[in-house]
Amino acid sequence: MDNMFYQYLDYAIYSSAVLVILIGLYGALVKRSLLKIVIGLSIMEAGVNLLFVAVGYLKNGTAPIFSAKGIEMAENGIKMVDPVPQALVLTAIVIGFGVTAVALSLVIRLWRHHHTLYIDEIKNLKW
Amino acid sequence: MKKILVILLLAVVGFYIAGTFFDIGFGNSHFVKNDAIKPVKDTYLQQTVQELKVSNTVTSIVVNFRGFDTLGEVTVLFLSVTALGSILYKKRHHVGERSVLFSASSIVTSGSKLLFPAIVLLGTYVFIHGHLSPGGGFQGGVIIATGFLLMLLAYENYSVSHTSLAIVESLAGVTFAGVGLLGYMNGGTFLQNFLPAGTLNDLFSGGVIPIIYIAVGFKVAAELTGVIYTVLNEKGENHG
Amino acid sequence: MAFILIAVLLLLMIAAAIYAVVQKDLLYAVIATGIISLVLSILFYLLQAPDVALTEAAIGVALTTIIFVITIRNTERMEDEPQNDNNIKSEVK
Amino acid sequence: MVGTPVLFIAIPLLAAFLIPLFGMVWKESVRIIPGLVLAYLLVLAINLLSYVTVNGPIVEIIAGWAPPIGINLVFNAFSGFLVTLMIFMGLLVWLYSYRFKSNVEYEPARKYFLLLMMLITGSVGIVLTGDIFNMFVFIEIVGISGYALTAFYTGRDSAEASFKYLIMGSIASVFLLLAIMIIYSQLGTLNMADVASKMHLMDPKYKIISFILFVVALGIEAEIFPLNGWAPDAYAEAPGPVGAAFSGIVVKAAVYALIRYTYTIFDLSGAYNILIIIGLITLVVAEVSAIRQEKLKRMLAFSSIGQMGLVLVAFGIGTTEGVFAALFIMLNHAIIKPMLFFSGSYLVYHSKKKNISDVDGMGKLAPFTSIIFTLGAFAIVGLPPFAGFWGKLSFLVAAANSNMVLIIALILMVSVVEIVYYMRVVNRIFFFKRSTGLLARRPTFNAYIVMSVLAAIILIIGFYPDSVSLYLQNAANSLVDKSQYIHSVLTATIQ
């Protein structure tokens, strides 16, 4: 029972992460409101981050921290999860925030000029 | 019509990406399939204890093994503050005009006054102990920035000096790059750990790693406060 | 037990993502985005990534949400479609 | 050896962090420091390039961990050539905008020069780095400075172009991260040389998926056909020097990344054909669109995209000759297209709409810029005594040696289209009556210098192609020789 649940969960984490990426991408490509597009982008980034951490996960692993407890567990042969994807996600989150901030400032700039967030009323933004 | 097309496209993309990740598998060691692959993470986990004496492996990767990434990342934040200022630049700058999210009651204002030092203290704790426990420069810096955010929201006239933010930011950035260059002079490579590593799980351990992470903490705090402050001061023109 | 928790969190995350994309009121959509980040940070913690969980909680939940909210405050709250364009535009804060 | 490759990144970053401080003391320093930094980097690049030509590649280890543990920078004949070219162009763009921006206030000027310097540094970083994820970080640095520079003018349309660019860039970075993750999950490493040496252990299906993701992600930056919707707008709306920096520097870096993945990291045999196909589609679509444009800068932007398509086709040939031709075209394009942007933006300076028809009769009003523009137009379509000719010739020779007759025919046909739309503009400049009363704007002193230097280089390369062919040949050899790259990185030690 436990084992089977585990198996489904494997697929569940990956598929929900990919689903979240796709939902975000859909929002960014289809929605007509500038803010909705930015929201879509940030949802997309969230999905990618989950995917990263999930790839680095190790069943029954511990966090990659060698505190006193961690060393003890490591000596007992308990493995640690992969720290590299975590470090990369840390970088990716911060970069994502920077990009989101720039995107929102552009939204404010566009609002200043056009007084609308609706994409079809801003002539050059159609694609 | 366009929606259907996009959904179809997304379905195809999703199918392939999800399929790939299903094949990779969850929670198993992917690298054991082949003996010829020696994943770098083993070296990281080994060397962080043996060589660097840093107990948090993520910290040692972020600051030392892949410290160059972090330098770039701090630069990205720095650039996004600059970009924000350049994109939202206006000729006449109205000082003191700020969008008010909610009118703060006296409970909120006095509560923020009490909370603010505690938040800053927590942030400082988090980035000083970055090499020992979860957290570090980014997390601590963000926590401090939320403290400033609280003050900005609670007090309408509370302002952060742009000049002091810029000075903190610049000094922290120069510290990071300067420590990197010192490493180059002392050890032959950029960002080299040239200080003695100390003992594991000690506050003063890990050589330059805590120094860099504290610099990162100050820099991130200043940058994020700058971002919030810039956006908050951007009051819409024609409406209240 | 942890499995059920993870499953519930994943469902919550997808629901919040769909809600954020469909909802016309941008303020609620932004709050849903914040909920995604919150769920993510719990998931990161369960997946043995405390560092990432801390960062995501601080940046994703607090800062990103707040700059979105400020932007909405400075622009408009509703996602205006062309048909009900006129009556909603006047409600701008 | 004087200096080391890491200074290409460290010095500009240090300067970028210091500029706000210096700016408080002496305002003019925000304009001067980036120029000094770029000039120093140019000296460094030339020194290192001549060192590398004699002694072989330099592999710089960072943080004291030899590859594949740590990050490394590789300065070999190929990347060194591109870095030198980029920094040289960056210095000229700085020189050009130094006076161009003299009427701008202190705050925007500080940001402009800072962002311009970081745009160049990021591009240099993309070329130098030997690590997949580090490349992502540099791509983001280039991206953010690019978004801000595109929206620099507070006019109506620049924010729209920038927003478009930002959306495409964000989607690209998500794809890039996915591709990086797939590779990491299979090989457990992020170092390019290490990935390349272990690539045969990877299941082909992962290879194909991650390669496609890389091509899509980098294609957005490199302006490959279906993904280049942002480019013409960004070129048209950005300040003139920024457009020149995009076409002369950023696109080169993106193409470099694409080529590095195809040639060194992946060992897919079909990848070269993919390059040829996307290159040809990009070329044809871009040149056909260019002929229909009304705005001068948009026409130049489409022409730039077309040239990148040509470069990709040349890389797709896969032989050393093909690479040589591709590098020659890249060099020409990096020199000629900024020149066209500079002179073109003076030709339509006072016009509101910046249409092609606004250049009518400019030949009498502004002879210098007109002649420069004409020279650039002749050079880029590949007329004989100019630099562009040798690039196209070596391309045709390389294609002929690989028996690609169809491609030769297609390229020649496209060249005719190119000649038509450039000559249309030249014709308008010299032989049309001026319809509007707008006067020409005299170029600033710095603009005179920049344009004359570029024109001189075009003529020098045109008459003595041998002056650059040694470097190009070395660069081509070092790109094709994959095992040498892997070996030199994986055996690197701390000097």
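Just so it is clear, A, B, C and D label the chains in written order, and each chain counts residues from 1 on its own.
Keep in mind that, in the parts below, contacts are C-beta pairs under 8 Å (C-beta built on N, C-alpha and C of every residue); 3 or more make two chains touch, one makes a residue touch a chain.
Since we're looking at a predicted model, the values are computed, not measured.
K.L.:
If you count the contact pairs for each chain pair, which pair has the most?
P.N.:
Greatest number of C-beta pairs in contact occurs for B-D.
K.L.:
Any idea how many Å lie between the Cα centroids of subunit B and subunit C?
P.N.:
Inter-chain centre distance comes to 21 Å.
K.L.:
Measuring from the mean C-alpha position of subunit A to the mean C-alpha position of subunit B, what distance in angstrom results?
P.N.:
Taking the mean C-alpha position of each chain, the two centres sit 16 Å apart.
K.L.:
Please work out the Cα centroid separation of subunit C and subunit D, and write it as a whole number of Å.
P.N.:
Once rounded, the distance between the two centres reads 38 Å.
K.L.:
Counting only Cα atoms for the centres, state how far subunit A is from subunit C in Å.
P.N.:
That pair's centroid distance is 12 Å.
K.L.:
Where in subunit A do residues touch two or more other chains at once?
P.N.:
If we look for residues of subunit A contacting two or more partner chains, we find 9, 13, 19, 21, 25-26, 51, 54-55, 57-58, 63-65, 84, 86, 88, 90-91, 94-95, 97-99, 101-102, 104, 106-109, 111.
K.L.:
Where does subunit B touch two or more other chains at once, residue-wise?
P.N.:
In subunit B, the residues touching two or more other chains are 17, 21, 24, 30, 39-41, 44, 56, 58, 66, 69, 73, 76, 79-80, 83, 87, 134, 138, 227, 231, 234, 236.
K.L.:
For subunit D, give me the residues that contact two or more of the other chains.
P.N.:
Correct list: 133, 137, 140, 144, 147-148, 151, 154, 159, 162, 178, 185, 190.
K.L.:
Return all touching chain pairs.
P.N.:
Going through each pair of chains, those in contact are A-B, A-C, A-D, B-C, B-D.
K.L.:
With touch defined as at the start, can you tell me which subunit C residues reach subunit B in the complex?
P.N.:
50-55, 58-59, 62-63, 66-67, 69-71, 73-75, 92-93
K.L.:
Using the touch rule from the top, collect the residues of subunit B that touch subunit C in their complex.
P.N.:
My answer: residues 56, 58-59, 99, 101, 126, 134-136, 138-139, 142-143, 145-146, 149, 224, 227-228, 231-232, 234-236, 239-240.
K.L.:
In their shared complex, at which residues does subunit B touch subunit A?
P.N.:
The contact residues of subunit B facing subunit A are 2-3, 6-7, 10, 13-14, 17-18, 21-22, 24-30, 39-41, 44-45, 48-49, 55-58, 61-62, 66, 69-70, 73, 76-77, 79-80, 83-84, 87-88, 132-134, 138, 200-201, 220, 227, 230-231, 234, 236-238.
K.L.:
Help me check something: in the complex, which residues belonging to subunit A touch subunit D?
P.N.:
21, 25, 28, 34, 37, 41, 44-45, 48, 51-52, 55, 84-85, 88, 91-92, 95, 98-99, 102-103, 106-107, 109-110, 113, 122, 124-125, 127
K.L.:
Touching residues of subunit D toward subunit B in the complex: what are they?
P.N.:
Residues 4, 6, 9-10, 13-14, 16-18, 20-21, 24, 60-65, 68-71, 107-108, 111-112, 114-115, 118, 125, 131, 133-134, 137-138, 140-141, 144-145, 147-148, 151-152, 154, 159, 162, 178, 182, 185-191, 198, 201, 203, 205-206, 209, 494-495.
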